[in-house]
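Order as written gives the chain letters A, B, C and D; numbering starts at 1 within each chain.
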Amino acid sequence: MITVGVYGATGYTGLESIKLLRRHPEVELKFATSETYAGQTLNQVYPIPWDIPLVSSADAPLDAVDAVFCCLPHAASMPTVLKARKAGVRVIDLSADFRLSDPTSYQQWYSAPHSAPHLLPEATYGLTELNRAAIKDTALLANPGCYPTSILLALYPLLAKNLLSPQSAIIADSKSGVSGAGRKPSLKTHFAEANENLSPYNIGQKHRHLAEIEQSLQTFDGPADKIIFSPHLVPVTRGMLSTIYVELAQDLSPAQAQALFEDTYATEALLRILPAGELASFAHTQNTNGCAISVTAVNPRQLILCSSIDNLGKGAAGQAVQNFNVMFGLEETTALL
Amino acid sequence: MITVGVYGATGYTGLESIKLLRRHPEVELKFATSETYAGQTLNQVYPIPWDIPLVSSADAPLDAVDAVFCCLPHAASMPTVLKARKAGVRVIDLSADFRLSDPTSYQQWYSAPHSAPHLLPEATYGLTELNRAAIKDTALLANPGCYPTSILLALYPLLAKNLLSPQSAIIADSKSGVSGAGRKPSLKTHFAEANENLSPYNIGQKHRHLAEIEQSLQTFDGPADKIIFSPHLVPVTRGMLSTIYVELAQDLSPAQAQALFEDTYATEALLRILPAGELASFAHTQNTNGCAISVTAVNPRQLILCSSIDNLGKGAAGQAVQNFNVMFGLEETTALL
Amino acid sequence: MITVGVYGATGYTGLESIKLLRRHPEVELKFATSETYAGQTLNQVYPIPWDIPLVSSADAPLDAVDAVFCCLPHAASMPTVLKARKAGVRVIDLSADFRLSDPTSYQQWYSAPHSAPHLLPEATYGLTELNRAAIKDTALLANPGCYPTSILLALYPLLAKNLLSPQSAIIADSKSGVSGAGRKPSLKTHFAEANENLSPYNIGQKHRHLAEIEQSLQTFDGPADKIIFSPHLVPVTRGMLSTIYVELAQDLSPAQAQALFEDTYATEALLRILPAGELASFAHTQNTNGCAISVTAVNPRQLILCSSIDNLGKGAAGQAVQNFNVMFGLEETTALL
Amino acid sequence: MITVGVYGATGYTGLESIKLLRRHPEVELKFATSETYAGQTLNQVYPIPWDIPLVSSADAPLDAVDAVFCCLPHAASMPTVLKARKAGVRVIDLSADFRLSDPTSYQQWYSAPHSAPHLLPEATYGLTELNRAAIKDTALLANPGCYPTSILLALYPLLAKNLLSPQSAIIADSKSGVSGAGRKPSLKTHFAEANENLSPYNIGQKHRHLAEIEQSLQTFDGPADKIIFSPHLVPVTRGMLSTIYVELAQDLSPAQAQALFEDTYATEALLRILPAGELASFAHTQNTNGCAISVTAVNPRQLILCSSIDNLGKGAAGQAVQNFNVMFGLEETTALL
């Protein structure tokens, strides 16, 4: 059995991680932390049956675990990751703190200096399908953001073949369920404000996830400066769809485009290219850990990719457990189907 | 023109009051207050077109108005009402502060002493259909709570004829939209917690509105100690339905029961008894200022009353304007249809 | 491995049964039927990844299975169950067709004669927690309705101790998610009609599930003629809560009431009595196969029971699999946690 | 008083038209038709208080009215419009039947020949803000589709100044509430399928509204062949947002872009350009008859326009009444604020 701890167990990604880890046959959960609810049990915080005790971070027995899932907010994550790494524990970090390899970029987007820049070189970006070899050996896994996951998985088949027109905008119009904003109450996520509403926010080139998308586009020699990313909040608890408009560097027939995507991901268990004519929707992946992508050819040079994930599944805890499975040499889909 | 001010303009009942007053042909809005947003305009707080300036309560020109709508939270309302009454301004108070005639009862339910008990004798409880004569002459109108409005309007035809069994429980199982909880963010009203959920709260004899219901039952010599009231939060922005189970003191046929309700409210413009067989639902009154009631006979001694209002309409601002119309001798339905 | 077939695989209870059976380690799914979609695969009907072939009922290999789940509508279920029983296959029937032991009662409530009355004596009512011994040996399991499940599980501790006042009404005010109405489009379940609405229907003593509840009350010598049952449709996909008001035959303190419920169900894995003060809500059981019940004492003679299940989980497919597990001598919670 | 009839009164656009016309001080409603519900009253079809009688189309007294609102589905509308025009009655047609001036295009997109092509030359496309002069004198008003309204109002300031790059795609990613799909039940609009879902449909260049958008782009000498239009269904009853990505033919600073939009629409009462930094959402226009547009500069050559309307308000009945007001020389906003 692999022993595991979860930091930040009472946020939505923490809870979802625990749900998955509980039914993981190779995992023994050793601790779950919460500063706010330390001393209580998880079923005093959520309407669930499991009386998992919550301890403060300071009381978490780091020496008793092989790995930790760090489900803390950005900035709060860094010191905890540092402590875990010092203790020789492998880390899956679900925050944004170790996703950007350049600490200057981190400071620019997150308005504060990175407090553990020396750890950045050992951090591995965990977009599982694109980076398995590196993930396998890493001790510090930076789990991707939900929006970047939905967008990059859709773009990758084109990036890999250098098929994106270098001078054209890549437009990602993304729609997210409200749980993506976390559990902290706010006016934006107040029921009577969010319900029956749909609202764009930080559109264009302003959302923090843009940095993460650009970095990955650079990794694959794509047109990193051409991405336009517009998130929208929709009145749904869980779900995410990115509708992505791309221009191609060369002509592709609808069949060629479809085949390219199917071939690229032919062996993936958690990513499905939908049959031609079927469009990806929230329902395709809601409450799952998978990704569903549809490919629509507008003309030989223009495609619309619809990429669906559950923001808490493949967009957070699901991908975290997938990466954990890769890191520990387990069957990649364990606890995820 | 009647000059009017609104205290607490940026809460949901405040905003709804302003929406109604804006289209009221006899009203001139002189001020709208907000402590949080003073100096801004209403369309900087809500996605609406009206650039109504917001002033702090201290800067509101009380001497320029004939009446004020006080849309502040309970406890906060008392000093403002006091100030307005001292200035000779007629008050429609939407808070709970002047609904209970007994200050001891207020202290018991609201956990703090009443700060203006000398004003209580002049306060008139504004369940319009049941109390028009007194409302007409009042200078201090205590606008009823939403739950009491839905429940008491349904019970009144039986109360008036002394038809409720004195020893049987009156069970009011009420369902409310989330806007009833106000605009202050909380975990309970956080989208990802309230959406796809339905949750009872303060059931039995614990909710503060119980005091208000009991007081009115006493007024009509009803079995005040028999009321059981169970509110439920439902994932809808606006709406309220009370399903009320009563036992009768004597047999009534379905037709007699239906006729009793129709006769009692035959001349009401804002209250509709549904035809036999049609059950009241949220949709019957949503975004309106009316009430819809259905009467279902289970057997000659048991009725089920379904009473529907919009919690912000007849349950708050709509009834407040209705009372305002009565107080100022205007057509009662002005701005309300 | 136990071989299983599912009739009516493309309705909501059929799909949910397949979801559960797919991850059941002791089950091999041999066929799934659909008259409408025969020849297609399940993932052409739903946005899911599983390409399970759909065959017409006539083509289903009954001789290849140990058991069938019959997820057809009432009336349509009878001939299929008959065929399966003739073939010696054990049946879990999720329809209403074998729940009422009296064919006259069936005819009265379902407006058509029962076409297989000779099978009724061998049918076992599958409220698992209350009827395990009989379920274990049955060849024809009548899986309970969702409303009766939520109501009867809550009443049983009082029934078992003969604690219900024989002359007082039992009032069950129930709220259900819309998936309970099935997958056939109708105006009532049309999004723009059901959304933001909450509507009572068939209230009092009119809903078909009343017969099932009364029959079980009789089984336990309870006041079967006293049940009043009022279902409400709420704008949620999955979930059910029954708020039940009962009068007791003798005084119980809050602690005694709580203890009675906890003791009755002390060994149940899928039914949880919530701690005193915590009220059951949809969220307590949504997307699970369990039941959560809260006990609120209004006074020594009156209790409010809130009973939550997922209408497709414990209210349908979850309980069906639970019963299947009991019938085949498996761990009762297999595939259900 | 202007006398008016409404054909198709029980669909969503018919009901909304009646709601607006009821409070229109210059209108007398003479008839409302429904083939399905003829002989009943409107409040037997909807949970509303108005007992407006419904007659079959054949029984509608065309000679008693000055104008008709035709709220029938496409194809069904043509013969009714023809009959009304023959009777000399002015027509506001809310269907798609008279929006495309070329009957060949109609046949291509609507899969059937146009049955009244000789009326097309007299039909006026009713995008009010862009076509007032022609609307004033028309006898046959073709009320625009909801999607084209939201998109064309946003593009017009750029079209008018010839500022759209002629070789770049115009990408309109649109999101619509479910009432836009009408009142006829279907699987797509079934609550349990649409709720908690978000789904694209007919994306790229396939949706029928594309023809209407292209035609208007041609009218203004815009790049009609460059429009890519992707509608999405969102789990909201009313609302529409189009997020539109355009490339400019010349550089514009953010302030210049903002000023261009503000200047173009400076005198409009029902269209609001939001202040820089505020993004249009469903909430900006829900339950209103207005349009709200935000202008976001990504860089000097790329803008994102967010355009919000209520699909039943400015997207249908609201604009129909606005056009009616223009046609009859009334204050344009009568009954619409």
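Convention: contacts are C-beta pairs under 8 Å (C-beta built on N, C-alpha and C of every residue); 3 or more make two chains touch, one makes a residue touch a chain.
Small disclaimer: the values here were computed from a predicted structure and weren't measured.
Between the chain pairs B-C and C-D, more C-beta pairs are in contact across B-C. In this assembly, C is the chain whose CA centroid lies farthest from the centroid of chain D. Computed from the mean C-alpha positions, the centre of chain B lies at a distance of 37 Å from the centre of chain D. With each centre defined as the average position of its C-alpha atoms, the distance from chain B to chain C rounds to 39 Å. Note on chain placement: the centre of chain C and the centre of chain D lie 46 Å apart, centres being C-alpha means.
In chain D, the residues that touch at least two other chains are 193, 196, 235-237, 281, 283. Note for the complex: chain A touches chain C at residues 23, 47-49, 196, 272, 281, 283-284, 287, 290, 292, 337.
For chain D in complex with chain A, the residues that touch the partner chain are 169, 171, 173, 175, 193, 196-201, 203-205, 228, 230, 232, 234-239, 241, 243, 245, 247, 279-283, 286, 296-298, 302, 304, 306. Interface of chain B with chain A (complex): residues 12, 177-179, 181, 183, 185-187, 189-196, 235-237.
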